[in-house]
Amino acid sequence: MAMMRYAEALRSALREEMQRDPSVWLMGEDIAVYGGVFKVSKDLMAEFGPERVRDTPISEQTLTAMAVTAAMAGTRPVLEIMYADFLPLSVDALMNQASIYNYIWNGQVSMPFVLRTQGGGGAGAGAQHSKSLDALVAHIPGLKVVAPATAADAKGLLKAAIRDDHPVIFLEHKLLYNTRDEVPDGDHLVEIGKARIAREGRDISIIASSKMVVDALKAADELAKEGISAEVVDLRTLRPLDRETIRASIARTHHAVVVNEGWRFCGYAAELSATIMETCFDELDAPVERVATHDIPIPYSEPLESTVLPDAAKIAAAARRALA
Amino acid sequence: MSYEITLAGGAGEYMESATVVSWSAKVGDRVKADDVVVVVETAKAATEIEAGRDGVLAAILAPEGAEVGIGAVLGRIADSLAAEEPAVAAAEPAVAALEIAAPKAAMQVIDASCRISISPLARRLARQAGLDPSGIAGTGPGGRIKSRDIERALRERTDAVLPAAPAAAMPSPAVARTGSAVPLVLLHGFGANAAAWNMVRPHLDGRPVLAPELPGHGREAALDMPSLEALAEAVLGQIEASGSSDCDLVGHSLGGAVAAVLTANQSVRVRSLTLIAPAGLGPEIDGAFLSGFLSARTAESLTPWLERLAAAPSRLPRGYAQAVLRERERFGVGAAQAAIAQRLFPDGTQAIGIAADLERFAGPLKVIWGRGDRIIPPSHQGELPGHVACHRLGGTGHMPHIEAPALVAQLILQNVRSAEAS
Amino acid sequence: MRNSPTVDEQLGMLGRMVAVRHLEERLGELHKAGKTRGPIHRCDGQEAIGIGATAMLDDEDLLTSTHRGHAHYVGKGVALHPIVAEILGRATGACGGRAGHMLIADVKKGLLGGNAIVGGGIPAATGFAVSLQMKNRADGGQRVAMCIFGDGAAQTGICHESMNIAALWTLPVVFVLEHNQYGLTAHHSTQSSVPDLSVRAAGYGMPSEIVDGNDIIAVHRAVGAAVERARRGEGPSLVEAKTYRMVGFSTSDVGGYQKDEDLALWRERDPIVLARALLADSVSAERLDAVMAAARAEVDAAVEQALSDPLPSFADHAPSAPYTVAGA
């Protein structure tokens, strides 16, 4: 085990996979010489050269489409999109290209690329640099979508994503890059599609991903002071969704709060809520409570932004409502 | 007719919930449409909510301090308090009598409007327990029935069904007297309570019954030093308190051992003795059951142990595990029972013996055992003295009085009549 | 002249052009008879580009096409029967009936593939070229990517982004602009600020050439030179082949916006007539008739077989899918 920051864990995953497999290469804006605006790819160009660590023009739509076909033609690109807010530029390549080929071409091709990006609010980055667009990508069939909350999962899932033969959208969070965590030594892989129980509890299941897991754990601490034992389910993978872990948790607690940092309306939390209804309706002792971002652009000033975003207090309040 | 006072989303566009700060009217007060009746507070601001129409505040559903979600019903306004009653149909009996087809349709409408609010889990639990949820009061938001309400209802049913039903008002221990007839004293086993005899009692020919509870069981306080003799002493006190000088004694399991010890007492004469799977006839007892039973904290972990008590677990009362857990919660009997087990059954071994007591007892004596008993082996019956009548019941486990109550009652009465005849 | 096809190569290309034309005509009939689904985008009159530009490509070279790609499919070597069966929605189609006529792909032939998001093939070919460049550098190969796209696609933002990156990274990709004058119903003069789109190549530092897209020899020479340049690792080129769409945008186009005199003019410049004329001196009329008849017969046989082929049964994922629908 080594204590590592989330960003370092990602870099270590990239380095190990590039050492292991010469077909793995990186591209993105400011990732090579500068090492990425969040320094995830720091020093990698020096180690692997400018052909495998490429700075690109500001051309997200084309870069994403190129990742799709480069992957089809035998290499394993890892594309960094600097902010999740730029994902709408990538959507044609994801929705009309990457998503369709394996199925439409009857299994003739695979597309082993990873699109890394980071989203999330709380840093005062404003309406075009603070969004969580989990639902936008998780909506698209044929994509895998992961959103690790810890450094250990960040490393294990990124290594697994790079080795996966299908497109993986890898969602990071700007406020997690400096969080520290024990990361297992060696070839640490985390299976895509498996949630984990971040904290065991009896009374209510809080289902979250990415930074919302951190907030959910804080909420669980608060609730514990009131005698409420909250279980926190860290989804880790948003698609394919680990329905069984969710179901089993709610079968124990009979109450659920679903949390996602994306917009509330038609958001990822809504999918979780529907999934719970479909898989364990008869286990519910109260309506599922949903915590998500208000359906407005994310404002800049601190009191405005914190009003809009989900946090531990809002999660705890939702848990209390569910248990009323 | 009544109208709902609701928490509208407009009180704060992004409000997810609010706290009820104060009601400015009491139930029964007349209110006008624009009167502020309730104030709620969100994270950012307090919001006053008006009555919305003239009438009487008929119900407050969200008391002060309650956290409520958007759209929640906070209370109800009625034209008058009486309007809350379903008086509409009764008001026009002549019309209803003429329109023969109408009542059925009207009933359906009323049923729809009275659709109960119940969580999916509570609905499932009620269905499994054969419980009609419509009569259960919900304690969730807006009166929704939650699983805890079903559990409470099951507990009440268990309490109501198991203890002496005909004289529900009678305090425990319940004695029903007919003249100066000698009472049947029924002593329950380890971890049970007087309700254990509920299945047998209807078959006892209306004889007076006294069902004391062992210390640390049911509502009885625990003893500091729970020896077998001390348990017998405590039970004797309850029999003496009933004013009886004679009794027919029945005991199950640990209660059987207590009954055997009681035969030697000097103040109440024991005419007949019927023991069901009594403790104290050999060293073996299912230690795993004892520790599992005592350490289980949830219905899920307790149920598998309770199922060991019966040959056919489906014959055990519904909600049994919940009832046991509630009793521990309400009366704190868990620790007392652990202390009894520690003293009488240390390390899963029976450290008590009643052979000498039985040897001395001269009255009619029966010992009943379920062939499928997994708690105390039926082979202990083989160690009994020759004057004891032994009954082996097929298809039953450690609880013949629950699995075959009519037969057990019949054997008890045979023993009692035998004592009366001599 | 460099990159001029031999007589045998010309005969082969003539046969393929005739096959494509006959395929379009048969599809028009089948569409009217209700045997096809959805719109069909025919390439009548544009066959010289699809056939001529792909003639020098190998199976390891990767081609991206458009929604009007039947000549590209045939030119890249995909057999007629799987194309026809795919268009007729049969289990025996190139993609098992899942793709339809606009999205056909054949990995073994390096066709990847049709693309009905206008402009979608341009970054796709550019992305292929990155991988091919890395593989070429690793094993000394000379693989290239090619994108055939239209004048409508040339107006997209990804066209600009892709050509910039292709030139910036010296990628082995050839951009073949099949300029058929119309983006759906809109004439290029209403869509582009310049009549000759190849002038834009200079903005990327990329060589370009304009050719008569109905002259298959001219197309073959110009594209052949661009492919050779890409194989040498010297980077991308743009070839603008001028042609004209002789039919509506699709079978659902009611027309009325193409001038009769333009149609008459381009009909005289039919690429098949021109290609046959160029062979008249060296090949007998009987042999030319036989080549053309054989091509038509091959199409008719493919249609006949496909019409009797089974329809596909539904499966919610491909055998190599990332996950099943149930697991999504």
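Order as written gives the chain letters A, B and C; numbering starts at 1 within each chain.
One rule holds for everything that comes next: a contact is a pair of C-beta atoms (placed from the backbone, for glycine too) under 8 Å apart; a residue touches a chain by one contact, two chains touch by 3 or more.
Keep in mind it's a predicted model, so treat the numbers as computed, not measured.
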Relative to chain C, chain with the most remote C-alpha centre: B
Inter-chain pair with the most contacting C-beta pairs: A-C
Chain nearest the global centroid, as defined over all protein CA atoms shown: A
Chain A-chain C separation of Cα centroids, rounded to whole Å: 40
Centroid distance [mean C-alpha coordinates] between chain C and chain B, Å: 81
Rounded Å distance between chain A and chain B, as computed from the means of their C-alpha atoms: 49
Residue numbers of chain A (touch at least two other chains): none
Footprint of chain A on chain C - complex, ascending: 62, 64, 95-96, 98-99, 103, 105-107, 112-113, 115, 117, 120, 122-128, 130-132, 134-135, 137-138, 145, 157-158, 161-162, 164-165, 168-169, 317-323, 325, 327-328
Complex contacts: residues of chain A adjacent to chain B: 254, 281-286, 291, 294, 296, 307-308, 314, 317-318, 320-321, 324
Sites on chain A touched by chain C in the complex: 22-23, 25, 51, 54, 56-57, 59, 61-63, 65-75, 77, 92-93, 96-97, 100-110, 141-144, 164-167, 193, 239-241
Touching residues on chain B, where the partner in the complex is chain A: 14, 16-17, 44, 66-67, 69, 119-124, 140-141, 144, 146-147
